[in-house]
Amino acid sequence: MEQMAAGYKNVSTAAGELDLGFARLDVDRAARTGDPEVVFGAGKTPEQVVGAMRALTLAHPDRLVLATRLSDEAKKLCRTELSGVEVDDIGRTATLGRPGPSRGRVAVVCAGTADLPVLRECAATVTVFGSYADEIVDVGVAGLHRLLAQRDRIAACDVVVAVAGMEAALPSVLGGLVGVPLIAVPTSVGYGWHLDGLTAWLATLNSCAPGVLSVNVDNGFGAGVAAARIARNAGRPAE
Amino acid sequence: MEQMAAGYKNVSTAAGELDLGFARLDVDRAARTGDPEVVFGAGKTPEQVVGAMRALTLAHPDRLVLATRLSDEAKKLCRTELSGVEVDDIGRTATLGRPGPSRGRVAVVCAGTADLPVLRECAATVTVFGSYADEIVDVGVAGLHRLLAQRDRIAACDVVVAVAGMEAALPSVLGGLVGVPLIAVPTSVGYGWHLDGLTAWLATLNSCAPGVLSVNVDNGFGAGVAAARIARNAGRPAE
Amino acid sequence: MEQMAAGYKNVSTAAGELDLGFARLDVDRAARTGDPEVVFGAGKTPEQVVGAMRALTLAHPDRLVLATRLSDEAKKLCRTELSGVEVDDIGRTATLGRPGPSRGRVAVVCAGTADLPVLRECAATVTVFGSYADEIVDVGVAGLHRLLAQRDRIAACDVVVAVAGMEAALPSVLGGLVGVPLIAVPTSVGYGWHLDGLTAWLATLNSCAPGVLSVNVDNGFGAGVAAARIARNAGRPAE
Amino acid sequence: MEQMAAGYKNVSTAAGELDLGFARLDVDRAARTGDPEVVFGAGKTPEQVVGAMRALTLAHPDRLVLATRLSDEAKKLCRTELSGVEVDDIGRTATLGRPGPSRGRVAVVCAGTADLPVLRECAATVTVFGSYADEIVDVGVAGLHRLLAQRDRIAACDVVVAVAGMEAALPSVLGGLVGVPLIAVPTSVGYGWHLDGLTAWLATLNSCAPGVLSVNVDNGFGAGVAAARIARNAGRPAE
Amino acid sequence: MEQMAAGYKNVSTAAGELDLGFARLDVDRAARTGDPEVVFGAGKTPEQVVGAMRALTLAHPDRLVLATRLSDEAKKLCRTELSGVEVDDIGRTATLGRPGPSRGRVAVVCAGTADLPVLRECAATVTVFGSYADEIVDVGVAGLHRLLAQRDRIAACDVVVAVAGMEAALPSVLGGLVGVPLIAVPTSVGYGWHLDGLTAWLATLNSCAPGVLSVNVDNGFGAGVAAARIARNAGRPAE
Amino acid sequence: MEQMAAGYKNVSTAAGELDLGFARLDVDRAARTGDPEVVFGAGKTPEQVVGAMRALTLAHPDRLVLATRLSDEAKKLCRTELSGVEVDDIGRTATLGRPGPSRGRVAVVCAGTADLPVLRECAATVTVFGSYADEIVDVGVAGLHRLLAQRDRIAACDVVVAVAGMEAALPSVLGGLVGVPLIAVPTSVGYGWHLDGLTAWLATLNSCAPGVLSVNVDNGFGAGVAAARIARNAGRPAE
Amino acid sequence: MEQMAAGYKNVSTAAGELDLGFARLDVDRAARTGDPEVVFGAGKTPEQVVGAMRALTLAHPDRLVLATRLSDEAKKLCRTELSGVEVDDIGRTATLGRPGPSRGRVAVVCAGTADLPVLRECAATVTVFGSYADEIVDVGVAGLHRLLAQRDRIAACDVVVAVAGMEAALPSVLGGLVGVPLIAVPTSVGYGWHLDGLTAWLATLNSCAPGVLSVNVDNGFGAGVAAARIARNAGRPAE
Amino acid sequence: MEQMAAGYKNVSTAAGELDLGFARLDVDRAARTGDPEVVFGAGKTPEQVVGAMRALTLAHPDRLVLATRLSDEAKKLCRTELSGVEVDDIGRTATLGRPGPSRGRVAVVCAGTADLPVLRECAATVTVFGSYADEIVDVGVAGLHRLLAQRDRIAACDVVVAVAGMEAALPSVLGGLVGVPLIAVPTSVGYGWHLDGLTAWLATLNSCAPGVLSVNVDNGFGAGVAAARIARNAGRPAE
């Protein structure tokens, strides 16, 4: 993931990089791994976010650029400065460039609207990384009837991403319902002593359903990258 | 809970106690709290367990005595030495004395046979403390159809005790299905890094279903005491 | 518990819900579990709190609505906008609708005025969930005479909720004094390294008094839900 | 995962299960999720392991049976009692039944021979769940030249499982070299204060390479289940 | 505290020490701090314990020697080999030499017989360090009447040591009853997830009673050293 | 310790208390424990601090009142409103009333000026609780010569309080130099990952010097209370 | 490290110190350890930083003064008030005085620009403590080709400092490439649940490369002090 | 570090390794890093240890071989089977081959005989890696006079390794006395709740003496490797 620091100078520079003064962008990664480029927005000024997205687009006009964890100010500046940008207020993401045809299908599921920002970050990532994201919200385990009503829709996907906070029971219940690859994203949503998502994280790693995979707390981006890679290879014709 | 140490002497003795040489038994608690007496077997020799049960029975012929966490040797000696004793091999408990009519009904539910020892300890405790224990096993969340099949039976009880290890999703799913008081017993059952039951414990305390109550890891006894107190007061005629 | 996110749209909607634009309210839970509806105020704007309470009242004019964890601004707006609302400044709660006759009696006890906000949240929840809350304050273990003076009053209730921070010795002392079901609410009240209430939490789960039940740190709401369910079933005539 | 307890009786039995006296086997899971059946060997007597494998084979003669975490005694009894069984001493697994043609290819990679038991458990699981496991050993980051020599072989697989203990740097280095889906298995291998694998676990969840997926410490089985599901769907013709 | 290792040689030796081959004993400490000498028995063979005690007695015939944490074998060998030794089976201590007149009075109090080994280690230490230990057992907070019955006896001492496991509520209750200096010794006594005494430890450090002092878990020796130093200076005539 | 909450009303009041509307003050504690009264300033408005101090002085004109953890605003208001008050800017304390003759002598020692606020809180508490505090600053272990220069001065006291942050080596070094009772106060002073004082706390509880007593992190008040109680009893004539 | 507190007075002062009213500076350390003097800027006002630097320069005109962890305001005031000062915006350091010829060579290496502030603090420290710092940036393990390109340059130094956040794989990879002494500085750089650098810290202490040394999280200063001491002694002629 | 597993076969083999059937030995590391080869004995049978040492000696007759963490059985077999071997009973090490002239001088210091095994492992490693180890024992901080007596001897070395358990105050005190590079080895030596050496570890990383470097708990080997590398480069003529 690209990172930057203001005022950076006078240090050694390796080959194959783009120097923006405040940031060095790795424009070779895509060739190595087949993925688009991403700007991690946390800790960056709005100007830095916009500058990084613009530079990456100039360097690779044929490729999508995704920015994540944007502040309200950064979202506003993206809308003003970057023509054609897609900004998602809930998911705090911005996308530049038009996606080509997607391959494979990813169900992105969450237990409640509090988990929605993570679900949306994940869905945007899936899209940018070349697959289709089917968002299914409010299917928590405390209201099983809603979840059961979506079973077939989820089972029809190539991979399912289960976003869940608090005690994160959702991945286990899903793992008993469908046999597709399952990625759990624990979130920091909770009340009282939930240890900033540790509870959800431990739950996903101790699921009674075999084969549940985990990423870090709130890491919708990481889950999206992995899900898209899996779904793209699943051999399903593009949608 | 009564406790003991071999060779104990020369220390001050308060009123209202029974001195066995190796243990001081509080024979007044029942009058204060309305409960029978319990021998916690962990760390005791078989002889100490049998001696304590016998002494309590002599002191209170009209009352039940429960012993928990018995070793195989202690279970064997109880069977040999205590006439009329009931020993449960799975739950590691022994009961002396005949229960009177029970009041109220407690559903004791668990996710798998690995949790069975805790479920049986809880059920024995419920019985000794004067209520009826309805044991329901193998209704884990990875096989929802079995759990849903037991919904009405559980809802018909005065309180439900959900015994669950690993990620402990069961209490949350149950909490969405029934409205009766719900006590969760996290267990130390798990594989890999489950932190000796901390994962399950944290899950029960962060359940998305409101009103879930918890006890310590593997504490079937504590849950049974509380469940019986609740069920006995529920006004249901004796069974 | 109902949750919400601003700007939410374009996602699948399950049947039986009320869509407010910024929130989806589950109006069927009461039918499933017999409980009123609750708005969790933390992280919501005052407008969202008021909007959610109004919508729930319109959908279910015959049912009470409780809002918890309200900011000062939300409390103020509730008073201005919602006629007939009851706002508790200490407990940070708002109640809409008139409670019917209560069933059963819950003693809600705390060790000091620092624990009062949690006690009041619990008491308001007990009331809304249909039972009577008897509040008893400043009966900490460091002043035993005050606690002993309230013993009979506590023993006369169907269930006792002990709210306690710091080392949380209160539930253990209470558990030795009375035999009614006992729920401990550890609080994050403390000085120095108390681990945000972990100390109190661990204490409640390791109480030497058998049968003590716990909820998460500061979770007066959860304790209130459970206590009301227990007390309502206790068969005592309505007060 | 199937679990059992000796002496189990007198409890409710749900439909669709096989009762062995000491264990209840779920013979319907495969129909629901498309996977074979597994016997978790830890905590079971050799007789229980053999009995469970035999019963599952009788119930489903057309399906493979995998047993994991076998003791030396259980491995010996499997070899004596189960004709046609495949036992792996290092991976502590036993397999009954002949695998059909595999679909997809899974690279299973580890840093040193101390991680070999987990790698072998993973590889056996991949095979039983219907994919091909390509084992690559001793490619730790402290000897980069060996790892770089295997780059193309790894990149040619549909998914890579990186098994790594101590500081678990391997998944990050691999994630920079190849773009295929990557599952990290942290192991409890280490010297001194490594917290039983927590260090490796935290490292996999904080990898600087995007899209790294994790399972629990030493959970070669879980990683194998997930990897096979991913690889089987990857559309590559059977090998 | 003196420590030793078998086969030790060829290393630099500072002045003022006694070399036993397997141990170097600091015979100057008493001159510096006014205390007797102590042999920490954990991890030592019975022969090493006896040898160390004998050597210290020879070097300082006028001073007491205390050995702690003795195994059963070490206790037996002490009795056989050291004439005039006092061995306490419960406290796992051995004392050599006759104490002179004691100064000051230490109440050593505990909640249950499970805490008795720590109480006895503390009491033996108090005695050897020159003060009088008044042992008061079974005054746990779950039976307040017993504790209240001992209030005046405790208040009459110069310092009180409260030994308590599980949730360790005893120091807080005592702190509200008496105004003498109070040292809490958390113990590792408990059931389920008590974190090897961390729960008790945190409780003692977060006591609501001001001025409670703590030592490490199960450290009856350390508490005894401190208590004797405090009591000896309290100016009370020798008993 | 007295605590308060604004708007408090309608709750049961035990005998022997002073009700200020926003706070209930326990004016009987002194009679029970022999100590003055204390206002814990953290979380209180300046008006509440001043009001509480004034009320306590009115109720007990012959007794000292100490307020701790005062904000800058509270310190300012104390100076304006309370005639004769002593405010310590570094220690964040205010004292009302004139101390009588002190008994005993407490050395209060710290390693650096960063620990000074805790040292001053401790010294003020010692004074108010009736003993003399001898403050010795900047005697950290990294500059041994300074510490050794103060050895005799420290040894001449009845008790020593060692205030130390970071790795808290000071108590161990002191414990080897002097034989007087020793209380360690770990502080939260440190750089990087020191766990908010846990490092210092663990160090004090694992000191290689026997008999070191601990209080909670930064708890200068608690250490002062204990130290004064010990020193007052030490029989030294008043200074 | 020098520390200070405003308003400090009336306490004992040991010999060999400089009293500034708000701070006591140890001007003898250099004579004892051969190092320059350092002002730790965190928690100090800009005026205190400038005052301390000025005083140290006056006391020791022939010696360098380093200030670390400066706020933006402190950096600005240093530039205004201290003639000849060198301020590094990224590293948050200020240096006063001209370094003499350096001895030895330290490679200071980091994985990304997010780690740059720690790298720069380390490099400034190395310089002030008398060695040459060779800064090498953006050689993370996810882009191995860049790191391999710098191998010879790093191997030519006397010691290497590897600054790394997230999973901190860099020290292990470096340890396999070069045989020079290696100091790892874990940083608090990361996303999601990285425990404020604990993950990186644990990784450095569990490196599979033997001989890796660690300092605290983000402690570029400590690593720089150690590295300079090692490099200065390495016998390489001054650069 | 070389590792092995019994029965290993059928897996890919990289170039430049020695295959023993049960272990693959990296015989190229020395060429890459300039160090001898090491056999980590924990978890190996005596036969495996001896076989590995013999094979490494055959492959590199001119190089030393070190084996660490040997069991008593392994030490005995080394003595029987390997002619010319040096076995250290306390340090649990075996050395094969004659060391050449050493360069540089390492002071290896510890606080008590309980830390001696780690000190000896460190000293053996220093020797094998080509430097001189000066062992200084029993210089703990509780007996400062002994430590001060060794000050000049320690200051005359090129690097000092401070081995310390419990609260690990020794490195801080040493850091204030001498200016040579300082490596701290925290040990798991302690009584009660010391967290298996975490206390000592945290202490070394939070030392008030600047520039203290750390390795993992009990890792005498790692410290020895690093210390020898530093001392060998220090330009001191061979001893």
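We call the chains A, B, C, D, E, F, G and H, going by the order they appear; numbering starts again at 1 in every chain.
Operating definition for what follows: a contact is a pair of C-beta atoms (placed from the backbone, for glycine too) under 8 Å apart; a residue touches a chain by one contact, two chains touch by 3 or more.
Here the structure is a predicted model, which means the values were calculated and not measured.
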Other chains in touch with both subunit A and subunit E: B, C
For subunit C and subunit F, chains touching each: E
Chain whose mean Cα position lies farthest from subunit C: H
Farthest chain relative to subunit E (centres taken as mean CA coordinates): A
Pair exhibiting more inter-chain C-beta contacts, D-G or B-E: D-G
Distance from the mean Cα position of subunit F to that of subunit A, given in whole angstrom: 51
Distance between the centres, which are taken as Cα means, of subunit H and subunit G, whole angstrom: 28
Where subunit F touches two or more other chains, by residue: 112, 143, 176-177, 191-194, 198, 201, 205-206, 208, 216
Chain-to-chain touches, reported pairwise for every pair that qualifies: A-B, A-C, A-D, A-G, B-C, B-D, B-E, C-E, C-F, D-G, D-H, E-F, E-H, F-G, F-H, G-H
Subunit F residues within the subunit G interface of the complex: 89-90, 112-114, 116-117, 135-139, 143, 145-146, 149-150, 191-194
In the complex, subunit G residues that touch subunit H: 1, 32-35, 38, 158-159, 176-183, 201, 205-206, 208, 210-216, 221-222, 225-226, 229-230, 233-235
Of all residues in subunit G, those that touch subunit D in their complex: 111-112, 140-144, 148, 166-169, 172-173, 175-177, 190-195, 198-200, 202-209
Residues on subunit C engaged by subunit A in the complex (per definition of touch): 3-8, 10-15, 17, 23-24, 26, 29, 40, 42-43, 196-198, 201, 216-219
